[in-house]
Amino acid sequence: MKLERLAVLQWVGLLVGALAWTSVHLAGIGISQAECNATGAARWHMSNPAWEGTVLGVAALCVVIAEVCAVTVFWRTRGFEFGDGPPEEGFEGERKPTRIHFFSAAAVASNAIFFMIIVLEIVGQFGNIACRQS
Amino acid sequence: MTPPLRFRRWLPLLGLGVVLVLTGCDRQQDTLAPKSHASTDIANLFWWMMGVSWFGLALVVALMIFAWRKAHRRPGHEVKEGEQLGFRVVIGAGIVFPIVLIAALFVIGDIFVIKVTQAPAKDATRMTIVVTGHQWWWEVRYPGTTAVTANEIHIPVRTPVRLEVKTADVIHSFWVPELNRTIDAMPGKRNAIELYADAVGRYRGQCDEFCGLQHAHMGFYVYADPPTVFRRWLANQEKPARTPGGGLAAQGKQAFMTSSCASCHTIRGTSASGYVGPDLTHVATRSTLAALTIPNDRRDLSHWIVDSQAVKPGNQMPNMHLSGDKVKALVAYLEGLN
Amino acid sequence: MAIATPPTPTAAERMHLLETMWEGRPGILGWFTTTDHKKIGLLYFWTTLLLFGAGGAEALTMRTQLAVPNAHVVSPSTYDELFSLHGITMIFFFIIPMTTGAFGNYLLPLMIGARDMAFPRMNALSYWIFLWSGIFLYISFALGVAPNAGWFDYVPLANGHYDPGRNIDFYCLAIIFNGISSTLTAAQFIVTIFKSRAPGMSFNRMPLFCFAFLAASAGLLFALPLLTADTIFLFLDRNVGTHFFDVASGGSAFLWQHLFWMFGHPEVYILIVPAFGIATEIIPAFTQRRVTAFPLVAIAELLVVFIGFGVWAHHMYATGMATITAVFFGAATAMVVIPSTIQVFAWCMTMILGTARFKTPLLFIAGFIFMFVMGGLTGIMFVAIPFDQAVTDTYFIIAHFHYIIFGAAVFPIFGGMYYWFPKVTGKLYFELPGQISFWILFVGTNLLFFPMHIVGLLGMPRRQYTYPANLGWESYNLAETIGGYITAAGILLLLGNLFVSYFRGEEAGPDPWHGATLEWTTTSPPPPYNYAVIPKVSSAYANWDEEDRAEDRRKLATGVLVLQEGHEQVAVTPVDGTLDEIVEMPHDSPWPALLGLSLFLVFSMLVIGKYGVAGCFAIGCVLSLFGWHSKEPQE
Amino acid sequence: MTDYIAGGRRLEDVPKTTKATGVPAVQYAVARRTGPPAAWWGMLMLISSEGVLFAAMMGTFFYLRFNDPQWPPKGDPEPKFIIPLIMVAVLSTTSPMMQGAWRAAREGRLMMVRGLLFLALIVQSGYFAYEVTDFGHEIQKTPISNDAYTSAHYVLLAADHAHVFVGILFNLWLIWKFSRGITTYRANALQAITLYWHFVVLLTWAVIGTILSAAVG
């Protein structure tokens, strides 16, 4: 795969998962607030589980995609230093994909965490009684 | 969750001070001396979490001690040596292991235990009590009856009670550690928890959210009575105040109704119907005054009437400059209100 | 790079040119007009140290009051002011300015091989604003109207009806005022890290210290506006008659708490992440080994702040929100732990794989790891919402976050003071007193904070000015107070040691620890221009790359990248650190100090309600901004 | 001894940007640099911080709406539709003007820069003048202290207008600077302030959208 494409995939892996979690976190909180709030419920009549299930599912999917990108890039750039290593051969002049390798490794870890958060959010959503005061 | 008795025996050894928590003498607000199923679950949850936590701490300390010993055994190393081992440990012990443990904790705590501690369903209990936080005392009402009291809540033992909490001014927080978790009294909202006591007795509670100058003096008692005793108590609380036969107490009533007392306090069955201070209809049945600040006896009561600001600085009751015999009369009257 | 002995006469010539180009105005006045990040860092250091003293004195007074039941050391109202000021001071006026302001300012440009921050004059401005905001806050204390509703200032307690004095107005304005300074610093750091790194220092070759400060700055940049909005609302509610938090008119008391904790929780991570950065510098230096699992540690430092933005409502579990709302925060709270576990094990493994020399700085880091794990484990307990609801607002919470904020944030600051003392002063500190000061502090803090767990579980609520004798709290509180005084003694010994070392310590030389990063390649203290040659960087541990350092010396001889023709610095591309342009840096300027002063006047007029006068001073601010920008760097 | 710098760039290819004064030098320097200058990044940081501030205020608007059965509450007028939208549309035209000014500066067409900046300043000042007077009228009819709705409404508007005002000050300063020739320093400032104006226009759309949302649903 070309270096440019790897670079793009690396950013996808690093950013998309984070973005997906951020959006679903805020959206999910907003939905539960809207539904479990007298006024909100009266205005929107939306079924909390349906909405929460959808947004959380979509977000989980995005995180998985990001993770796949990250793993691919990590695998394609294996054998390179992360950059904390000693100066590389021919470092002057042409550049080696150490940065891509570094960020893809980071992305593999971070997406795993984001995925776990979303899983727990799904469990918490459907393991509890909707709109019961905690 | 099952109460792990083994833990109670050997976990304290890991935490020096924690021993004292268990062998307590006069601990009236001990979260870990549960007297209801809700607080029992919370306490057990804590014991398990603490046990695992000590192991985590021990592991990290062991690693550091090992590093220190190793450096002494064979100093010097090749800079990138053991990088793979480092990565493996970080991924295993730093990512996989904690994720599993904490996910399990999340499921236990926020799926199962929370079912017990969250608000009871509207129709789950036969009885409801409404508690209103004031700066700095608690107003207690029994919906469906005329009973109103302050700072001393009576409930029937081994009977789930729905307790609804609201506030008349700032945010307060209702908390009886031995019976259940904390619940805030939020403006414009009515929160609820279940109040349940395994055993007959007196349980101490306190305002848990900073609510101003006298946040420190906003305690209350929950009395779990046998059902018959409770019913008798409630029936008595419903009655209007008894009118004194005469003598000093009658003068006291006179003084109460004519002075500014009546504009702040309610005494059912009289013209006094203020809402600033506690309802005094049956004040003599309470064991304490000023939200557990002082005992309810003649000396403290008269001291309170004469100079409440010295007892509880900043409280809402002004010092009204009454003559000595007027105070005597008031005390005699109030002591008769049982 | 042995600056002390220039390789050739021409090199000496060049260094002399740089000297004349970069050294600011001498004397006292020089401190008011300086734009040198090192001088500004020192200004920050001394100011925050002073405020640390104030916050500590407040804490000791409270501990004295609580030593025995029903004590009358201070009045209830004074006590409320004390715990409010203690929180505000330690968070906004000690830890943030000490880490970002002092450590960040002094070290960050050195570590990335820059000659100064990206916006030197703005850097000076953030210091002056910070100084004046501190004065502003303590004026309120002198006038007896210090904030008295806690640093969290929950409404309605903080609104005009229940708190009619000027106290909370001082709170709002001091927070906003101080927030301007922190926001400028944060933007400053991010841009400096993006643009001013030495050529070749691509992101994956950047020291972990810089990742930490990048994370903290990003956190500040995005968290502070939430608090600013919140305090603006509160100020308007109190002074203009709006109803943001007034339930009767459609406002909400939850709104304050949500906005406050949306800021407040990232804040906690903003406080400790720089400490992580300091730890990731000290550990390599004293184990002579690169931090293991480099990319994981780097991303962990960023992730902890990022996920930290999603956990705010776990401070509000007792307010009775819907369970299905609470679990969102429970889930995030559960997983925000993982970045920290990654780092803890990376630190420990680095110590094991390297050769750990437990000198004072590393001792403090070991203590930090212990305290951090301690506080972290109690933090994990709050994943279980029912348990959190049971101990919230008790001393258990105080124990938890003091283990984090004192143990995990302040211990590394102390360790860093020892570690960089030779670099800043050129002298070595005394080792034995240093180690003694650590052990005193370690014992003291644990004696101070561990019993708080127990009294918390015994049902002692926070923020009460006294407590009754019959609840079994006395012995623990007494122990805590004793621990408090021991801690104070330890801090005094630490400062005394450094003070004496400054005069009596032996010469340190440029690199006493064989440290990992660039700052150890230049003299101690560094020259005004930091580096005679813009250093070459091909790894995150530049000082250990002998070839590169040798090449720097050759460059100095041949004059490549010395940039002695002007007041110049390089600028690179943000991600890969390719040399992009050579920019002129601005010279000393009196305007930042003046602007800070006029802002102070604006805020002091606002707090007494003289909005017209405040407007006039605001015009003054605009004028000083015009004056500021009338002189361009190249002129 | 190599004169290559990391990334394979020769040292003599690297422009000394902020040293450059006068049209040809600035043109050369700016053309030679690959990324935006620090000034642009700094502005990006500050506006993203401001963005969060406004997100908080709009979030407040909707959060309060959750708690209010009727929105806007009784006694408060529905927000006006047509004129605000027209005004925002007008303000939006200054965004391309600023962009054009920055392009002209890059190409060294100094008169063009001054002209566009001046034009933009006129439009912006017009917008600001109208909005401020309108704000004054509204707040006299329905005071800010009516209820939570009016509070959120007016604070949001005021904050937006304040940002327009700051932008106007920026442009005044730019015009003053560019009237005395061009330097890279000024070009950088122009680039950053152009970004600021794009942000303000977006912001104004978002604010008006939030305020008009009270009229629907």
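We just call them A, B, C and D in the order they show up, numbering each chain from 1.
The rule is short, and it goes like this: contacts are C-beta pairs under 8 Å (C-beta built on N, C-alpha and C of every residue); 3 or more make two chains touch, one makes a residue touch a chain.
For clarity, every value in this text was computed on a predicted model and none was experimentally measured.
Once CA atoms are averaged chain by chain and compared with the all-protein CA average, the nearest chain turns out to be C. With chains reduced to the mean position of their C-alpha atoms, the one farthest from chain C is B.
With A-B and A-D as the two chain pairs, more C-beta contacts join A-B.
Spacing of chain B relative to chain D, judged by their CA centroids, is 53 angstrom. A separation of 42 Å divides the Cα centre of chain A from that of chain B. Between chain A and chain D the centroid-to-centroid distance comes to 31 Å (mean Cα coordinates, whole Å).
One simple way to say how far apart two chains are is to compare their mean CA positions; for chain A and chain C this gives 29 Å.
Shown for chain B are the residues in touch with two or more other chains, namely 80, 95, 99, 103, 106, 110, 114, 118-119, 191-192. Contacts with at least two other chains are made by residues 6-7, 63, 67-68 of chain D. Shared contact sites, meaning residues of chain A that touch two or more other chains, fall at 33, 85, 91, 95, 109, 113, 116, 120, 123-124, 128, 132-134. Under the touch rule stated earlier, the contacting chain pairs are A-B, A-C, A-D, B-C, C-D. Only residues 18, 21-22, 25, 28-29, 32-33, 36, 48, 52, 82-88, 91, 95, 98-99, 101-103, 105-107, 109-110, 113, 116-118, 120-121, 123-125, 128-134 of chain A touch chain C when the two sit together in their complex. Looking at the complex, you find that chain A touches chain B at residues 85, 109, 112-113, 116, 119-120, 123-124, 127-128, 132-134.
Against chain A, the residues of chain C that register as touching in their complex are 200, 202-205, 290-291, 294-296, 298-300, 303, 306-307, 309-310, 313, 317, 320-328, 330-332, 334-335, 338-339, 342, 385, 389, 538-541, 545, 547-548, 575-576. By the touch criterion given at the top, residues 33-34, 37, 39-40, 42-43, 91-95 of chain A touch chain D in their complex. Contact residues of chain D toward chain C in the complex are 1, 3, 5-7, 9, 11, 14-21, 29, 32-35, 37-38, 41-42, 45-46, 48-50, 52-53, 56-57, 60, 63-64, 67-68, 73, 144-152, 155, 169, 173, 183, 185-186.
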